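Working notes for the structure below.
Every chain is named by a letter (A, B, C and D) in the order it is written, and numbering of its residues begins at 1.
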Amino acid sequence: MAPLSPRVVVKVDLKKKPWQQDQPLHNRWHPEIPPVAEVKAGEFFRVEMIDAMGGVIKDNDSASDIKNLVLTTTHHLSGPIRVVDEEGVAAKAGDLLAVEICNLGPLPGDEWGFTGSFDRENGGGFLTDHFPCATKAIWYFEGIYAYSPQIPGVRFPGLTHPGVIGTAPSNELLRIWNDRERQLEESGVESLTLCEIEEGTPEWERIANEAARTIPGRENGGNCDIKNLSRGSKIYLPVFVEGANLSTGDMHFSQGDGEISFCGAIEMSGFLELKCEIIRNGMQEYLTPMGPTPLHVNPIFEIGPVEPRFSEWLVFEGISVDESGKQHYLDATVAYKRAVLNAIDYLFKFGYSKEQVYLLLSCCPCEGRLSGIVDSPNAVATLAIPTAIFDQDIRPKNRKVPVGPRVVRKPDVLKSTYDGKLPITKNPSSSS
Amino acid sequence: MAPLSPRVVVKVDLKKKPWQQDQPLHNRWHPEIPPVAEVKAGEFFRVEMIDAMGGVIKDNDSASDIKNLVLTTTHHLSGPIRVVDEEGVAAKAGDLLAVEICNLGPLPGDEWGFTGSFDRENGGGFLTDHFPCATKAIWYFEGIYAYSPQIPGVRFPGLTHPGVIGTAPSNELLRIWNDRERQLEESGVESLTLCEIEEGTPEWERIANEAARTIPGRENGGNCDIKNLSRGSKIYLPVFVEGANLSTGDMHFSQGDGEISFCGAIEMSGFLELKCEIIRNGMQEYLTPMGPTPLHVNPIFEIGPVEPRFSEWLVFEGISVDESGKQHYLDATVAYKRAVLNAIDYLFKFGYSKEQVYLLLSCCPCEGRLSGIVDSPNAVATLAIPTAIFDQDIRPKNRKVPVGPRVVRKPDVLKSTYDGKLPITKNPSSSS
Amino acid sequence: MAPLSPRVVVKVDLKKKPWQQDQPLHNRWHPEIPPVAEVKAGEFFRVEMIDAMGGVIKDNDSASDIKNLVLTTTHHLSGPIRVVDEEGVAAKAGDLLAVEICNLGPLPGDEWGFTGSFDRENGGGFLTDHFPCATKAIWYFEGIYAYSPQIPGVRFPGLTHPGVIGTAPSNELLRIWNDRERQLEESGVESLTLCEIEEGTPEWERIANEAARTIPGRENGGNCDIKNLSRGSKIYLPVFVEGANLSTGDMHFSQGDGEISFCGAIEMSGFLELKCEIIRNGMQEYLTPMGPTPLHVNPIFEIGPVEPRFSEWLVFEGISVDESGKQHYLDATVAYKRAVLNAIDYLFKFGYSKEQVYLLLSCCPCEGRLSGIVDSPNAVATLAIPTAIFDQDIRPKNRKVPVGPRVVRKPDVLKSTYDGKLPITKNPSSSS
Amino acid sequence: MAPLSPRVVVKVDLKKKPWQQDQPLHNRWHPEIPPVAEVKAGEFFRVEMIDAMGGVIKDNDSASDIKNLVLTTTHHLSGPIRVVDEEGVAAKAGDLLAVEICNLGPLPGDEWGFTGSFDRENGGGFLTDHFPCATKAIWYFEGIYAYSPQIPGVRFPGLTHPGVIGTAPSNELLRIWNDRERQLEESGVESLTLCEIEEGTPEWERIANEAARTIPGRENGGNCDIKNLSRGSKIYLPVFVEGANLSTGDMHFSQGDGEISFCGAIEMSGFLELKCEIIRNGMQEYLTPMGPTPLHVNPIFEIGPVEPRFSEWLVFEGISVDESGKQHYLDATVAYKRAVLNAIDYLFKFGYSKEQVYLLLSCCPCEGRLSGIVDSPNAVATLAIPTAIFDQDIRPKNRKVPVGPRVVRKPDVLKSTYDGKLPITKNPSSSS
C-alpha cells in the first residue's frame, strides 16, 4: 500500500509575509543557499508557493499596487530542495535532474490571479513605449477556466505552469552570470539583475551580494517562462551543485508566449506535485556546452499530454520593420513586437481597449512563433490566438455594417485601474 | 451540376526553363507586372508552380548546384492573378483578399524535393558561422511522408505550404520598401534585395529595375515562410492595386519554423487549389497601419484543420547569450540561434552528423517559439521537435551504456554532398 | 471582488459510512427525495462524493471485497441539489439544466482508486463468460497519472468524470421506467434494477420502494458512464421536477468506453466543481421525445477542451460473429465484445495476463466505436487503444525473436487478488 | 535516385463500365480470383478504383438511380494484388500483411461524390423504418472540403478512406463464411450476401458461385467501413492464401461512424498510394483465433497522423429503449439508433429536414461510441458531431426567440431527389 497523497515538502502560509514563512523563501540563485527540504528520486512530493509578487498585489480595481511594486524582491521561490537517489546518494554536478510535473494548480482557497503591466519607470514591458502606465486585471478561476471583470467577453482554460524552475548554480557559473550581466550594465543597458540587499547576518549579506537575481532565465532554467511546462511535462535540468538544489515559484495560471506585459501571466500562488529522477552524468551524456566552459548549457523539456485543445487560430504577422517604418536586419524581437501590435490593433476593432488586449495577449494561451529568420532583411514572427476564448466571432468577414458599432462592450472598465494621470486609448466603437 | 475540378489558371511545364514558360513567371514585386490570369470571387481554381530555384537543383548527391546557385533570380512566382467579384468588378486598393487554400501538393510525377544550406559566401543562413559550406539533402515523397537518403532514420508527414504568397504593391508601397531597404544596405548590411536585371525591352528593364526582390516577407505577405499555411488555411491579404494581383510560389513540402538553413524547407514544384473572397474596404475595417502611412500593414491568417498531429515533443531552449558567452539584451534572434544549436548538439549524440540535423531542423515540422521576451536581459526561445519523426527514442534516459555507441547510423552520407574543401564535424559514435 | 473558491454544497466524510453522512446520500431516483442543497444559476459550487461502492473496497491485494460486494446499494449519490435562477425561481419541468463541469478530481488525501470485475454470480460484466471470477486492481494517482501495482508496465493520464449525473424523474417518468424494466424482468432477464429496501420510516420505505435503482442510464442522464464528461464539458439535462433536483456520484478517475468489467472504471471518491444555467423551456426548444410520451428524451453533451492528447492508437476490430463462430445480424454488442477479446488476446502476447488486460481496457482511455452498422450481416466495432500508455512498443513488427520471451513482466501479480478457487489464464512468456 | 512517383498497378477508366475495365474488377471474395498485379514489399504503388456503385449514380437531383440500384453487383474492387517480399518470395498463409496508406483521394477530374439512402425494399439502412425512401445528395469537393447543394449550410474536411480493403480468403475460410451466413439466411434474416451470377465461362461461374459477397466486413478485413483508415494509417491484414491477394475499393471521401444510411459515405472513385510489408508468421505471432479454427481472426489498425482536427463536439446519447418505449437488454445497436434519432430531431430544429440530417450524419466525420455496455439493462451509445461543420452555432442556448424561425434554410431542396411517391417530414421553421 502506497501513501495516497504527495508528501508536502514546502508549505506556505498565505497570511504571512514572504519573509515570515516557516521555510525561508529566496529570490536569488547562489550555491550556498541552504536546502529547506530533501526528496528521494522517485518520490511523489508537493511544493507550495506564494505568488511572485509576495502577496502585495490585491484583488481590487486599482493598479496603484502594480505601479509602486518593488521589483527587486520579486519571485520569492520555494526551495532549494536537495535531491538524492534511491540509495540516498545526492545528485552531483554533471548529472541531469529530470523533474516531472505530475500536477499543479492554485492553492485551495486562493483561486484568483492578476495580470499587470508595469509602469515605464518601473520595469516596463515589451510594449512599454505604447503602454507606459501601470494597469491591472484580476482573474477569477472557475476550475480550469479564468475570467476577468476588467476584460469582459473572454474566458479560457489555463495552461498552468511555474514561471521559474531551476537548479542552483555553482560558484563558477554564478561568476559567469555576474560577469556577463555586469558587462551589459556597464554598456548602459539596465537589466534588472541588480540585487538589493536587506539586512541580515554578515554571512547572509555576503551570499545575497554574490547571488544572481532570478529575473532572467539562464543555464540553470530559472525564469524561463515557458508556458507549456504544465501537467505531465518533464524538465531535464543540469545539476551544478551537490544535491541539485531545485527551486521553483512564480506560478502562472496561464501565460501567452513572451509574457509580453512582463507582469504578464496570470500570477498566483500555487502548488506543484513533482517526481524527480537523477540521470547520472546526464550533462555529459546529453548536453553540449555552447560557450567557453562546460557550464554553458540549457535545460531540455518534454511537453505534457493535457494541454487545452484549440482547433481554430487567428494568426497575426510581424516583420522586422519598426513602428517608425525603419528596416531592421533579421531582428525577431522587432518582428514579434509588430505582430503583437497588429493583434492589439485588430482586437481593438472588436470593442476591447488596447490596454485590455495588451494584458489579454500577455496571459491567454496564444503562441508566438519565429516563422522566418533567414529571408533577409525581414524576420517574420507570428502570433496565433485561439478564437474560442472570445464570446464573439473575431474572424474577418464581409459585413453590412462595420465591426465597431455592432459591439457592445465596456472598454473603459480597465480605466479604473489607472491612476488617472495619463490618457488611455479611446475606442471609437464605444462612443455611440 | 458544378464543374468537378478546379480551373487551372496557371500551368507550368517542368521540362522548360523558368523563362520559357507559356505564362511568364516573375521574381519581383511591382504594380505593373501584368496579370497572367483572372479569377472570380468564389471560383475554385488551380495554380501550378515550379520550384523556387527554377529547376536548377538536381536529384543527386552533389551539393555543387547549391553552392553555385545564383540567388538573384530565385522564386519564379506564378501570377499575378487578377481577382474580380461575382459581378466582375475588380478588387481595389483598400479591400482585403481572403485566399483559402483548399488543397496543395507536389506536381504529379515530380514528387521529390531538396533541402540545402547555402555557402557562407553565397547567401549563408541562420547558422552560417557554424555551417559555412553548401550541403544538400534530397527528399522523396511517399504520399504524406518524406524521407531522405542523406538523412536516414527520419520520416515525417509534410505540413505543405507555399513559402511565398502575396499581392502586388502599389507604387507608393514599393517606394517605401526600396527606401528602407536601401538605407539598410547603405549602412553596410547586405540584404539580398538587390535586383539583377536581365536583358529585355526597355519597359521590362524599367519595371525590373524599380521592382522589389521577393526574398523578404513584407506588407503584402510575400516570402513569409509561415509553415502552417497549409490545407484549409485562410490568408487575408491587403489589396494595394486594382485586381489585387495575387502571386504565389516557393512551394514547401515541409518546413520548420524559421527555415533556418535558408534553402531550408523541402523545396519542390507544386500546385495550389484556391478560392478567393473579396472583403470590400477590409483594410480599413480590419487592419491598422503601423507606421507613417496607411500602407504599413500585415496579412492575417487562419490555420487549417488538417495539420499533422503529434502528441510528444522534445523542447530545446536558448537564451540571449551567444556562443562566445556574451550577454545580449532581450534578443530573440540570439536566443533562437542558441536553442537551435542546442538541438543540433543534442541530436548529434544520437548518431546524426551536425550537418544532417541542421538540414533536418530546417525542414521538419518543428516549432520555434518566443517563450520569454521580457525577463531582462535574457530572451528565451524554444524549439520543439516532434519525437515521432525519428526511428529511435530520442528522449533522455538513464542508460547503462552511453548513447553514442548504441547507434548504428551512416552520418557520413551527407559528406558526399560537400565539395570536399572544408572539414565537417566528425561524429564520435561513428568511429567504432 | 468575487468569492475565490466554489461554495461547498455537499460535503462528505470519508471516515463515515454512507448512511452516516451529514447530508443523506441516495442510490435511487425518485421525485420526492428531498434536496440537500440549493444553488443559483451562475453560481460556482462544489459537490463531494464518496466512491460508488461506499468505501467497502479496500486498498489491498485481495479481491474478496469485490467478490462479496452487495450491489443493491451501490452508487451513493450526492444530492439532490435544487437549482433556481438568478431571481430565485426554481427550474421547472420542461426546462433544460445546463451543467458545466469546471473542475473535478479525487478528494485530497484519498488519491487512489480501484478497478474490479464482478463474480459471474454477483453482477458479472461484459466478458463474464471469459472472466467469471472477481478480480481487483488498485490504482495510485500521481497528479494526472494513474499506475497500478497489479498491472505493471502501464501509466496513463486520467480522463476523470462522474459516472452518474442526472436530474430527478417525475412520477410519470418513474412509472414508465418501472413498467418497462419490470417487463424485461418478467421476460426472464435479470437487470439489477430491483431495489432492496433497508428499514426506515414508512414514508422512506414507500419512496424507496417506488424509486428506480441508479444502475442504468436513462432519460434523466444517470449512470451513463460517458468517459468524456470531464473538465470543461457541459451537460444539458432535461428537467422533470421543480428545482431539477440534480444528483451526481460514481466518480471515475478514468474509464474506457463501455466500462467493460462493470466495476470497470477507476472508482474513487471525488469532487465536482460546477456551474448551472437554466434554459427555460429548453426541452421543447431542443429535445424531441422518442416514444409514446414527451418524457422519452435524452441529455445532450459538449466535450471539454482538456482531454488527454494521444496521437498514436492501435485499433482492434470485431464483427458480429461470436466466439462459437455463430453469425449474428448487425449486432453491435457482439461485435464490440469480439473487438475487446481480440485486444485482450493481443496484449496477452506482450506479457500481461488476460485478467490484467480486461481490467486495463475497462479503465484506460480507450475508445469503442460503432464503425459499421449497416453492412449486413456484420456489424463492425472497433476498440482504439492509445499506445503511449504502455512502457513498451506494442505495435506489430517484424521480429527476429517472438514477442513473448522478450518481455519481462509479472503477469501473476493479479493472481493474489483471486480467491484461489478458479484457475487463471497462464501467460506462456512468463514460464521461462 | 528513386522513382519519383508511385507505380500504378491498377488503372481504371471512368468512361468504361465496370466489366469493361482492362484489369477485371471483382465484387466477391474467393481464393481463385487471379491477381491482376504484383508488388514487392517496400514498393510504393498506386491503385485506382471506380466508385462502389460502378458509375451508375449520376451527378443530378434525382434519387431514382439510388432507388433502382442493383445491390448484387456493388463494390467493384480493384485487385487482387499479389505481394512478394524483397527476394520475390510471396506472402504465405499465416503471415501478416502490413499495408500503409501513404496517400489517397478522388481521381483527378472526378472530384465529386454522393450519399444516398436506399429504399426500404432495396437494401434499406440503419433507420429505414424512419426513412423508407431513396434519397440522394451530391457532394462537390474543394480540395479537402466537401459541400452539397442538397444539404446547404454545412462544409467539412474529408477523412478519406477505402470502405473495403482485404485479403483473399482461403477455401476453408470461405466455407466458414458461407456456412454461417447461410444459417442466418435460413433462419429468415436477409443478409445481402447472396451472389447473383452473370454469365461467363463455366470456371468463372463456379468461382462466382462459391465466392462470398463483399457486403459485410469479415476476418479478412473487407467492407469494414472504418472511417479512420485514412492518410498515414496502417492496416495489418491476415494472409490466408499465397501472395495475400489484396483487394480494395469503395472509396469514401468521408463517412460517419456506422455509415448509417448504408449508401451513406460520400461515395466516389479514387486512388490509394500504398506500401506493403510482410510480417512473416505474423498471424501466429500477433493474432489469436476467436472461434473453432485458427482462421477466426480480425485485422489490426494504426490510425494516421493527419485526421481533421475538431476541438468542439456536440454529443447525443441513446439508451437501449426503442422508439415504442420498449426496454431492450444491453443492446448497443438499439442505443446507437436512438442516439442517431436524437441527433436528427435536434438538428431538424435548426432548419434542416430530417432526411438531410440522416444523410449528413451518414457521411460527416461524426463519431459513434459505445459509452456504456454493462449498466443493466441499458446500453448507452453516443454520437459526437463536430460543431465546426455547420455555418451556424448549433449549441443549446437561452434565446429570446425560438430556434426555428431564426433559421433561413431551404430544407425542401432534398425533395427533388425523391420520386414523389412518399411524403417527407415537413420542417416547421420553413413554413413562415
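Throughout what follows, a residue touches a chain if its C-beta (ideal position, glycine included) is under 8 Å from a C-beta of that chain, and two chains touch if they have at least 3 such contacts.
This is a predicted model, so every value here is computed, not measured.
Counted by C-beta pairs in contact, the busier of B-D and B-C is B-D. Among the remaining chains, the Cα-based centre furthest from that of chain A is the centre of D.
Rounded to whole angstrom, the centroid-to-centroid distance between chain C and chain D, based on C-alpha atoms, equals 31 Å. Centroids of chain B and chain C (each the mean of its C-alpha atoms) stand 49 Å apart. Averaging C-alpha coordinates per chain places the centre of chain B 39 Å away from that of chain D. In chain A, the residues that touch at least two other chains are 305, 309-312, 388.
Against chain C, in their complex, chain B makes its touches with residues 309-312, 388. Those residues of chain B that touch chain D in the complex are listed here as 1-2, 4-6, 44, 59-60, 101-104, 108-112, 140, 142-145, 149, 157, 231-232, 273, 275, 304-310, 388. Across the complex, chain D is touched by residues 96, 98, 125-126, 176, 180-181, 183-184, 189-193, 215-219, 223-228, 236, 257-262, 264, 277-280, 282, 285-288, 290-293, 296-303, 305, 311-319, 321, 323-333, 336, 338-339, 341-342, 345-346, 348-349, 367-382, 384, 395-399, 402-403 of chain C.
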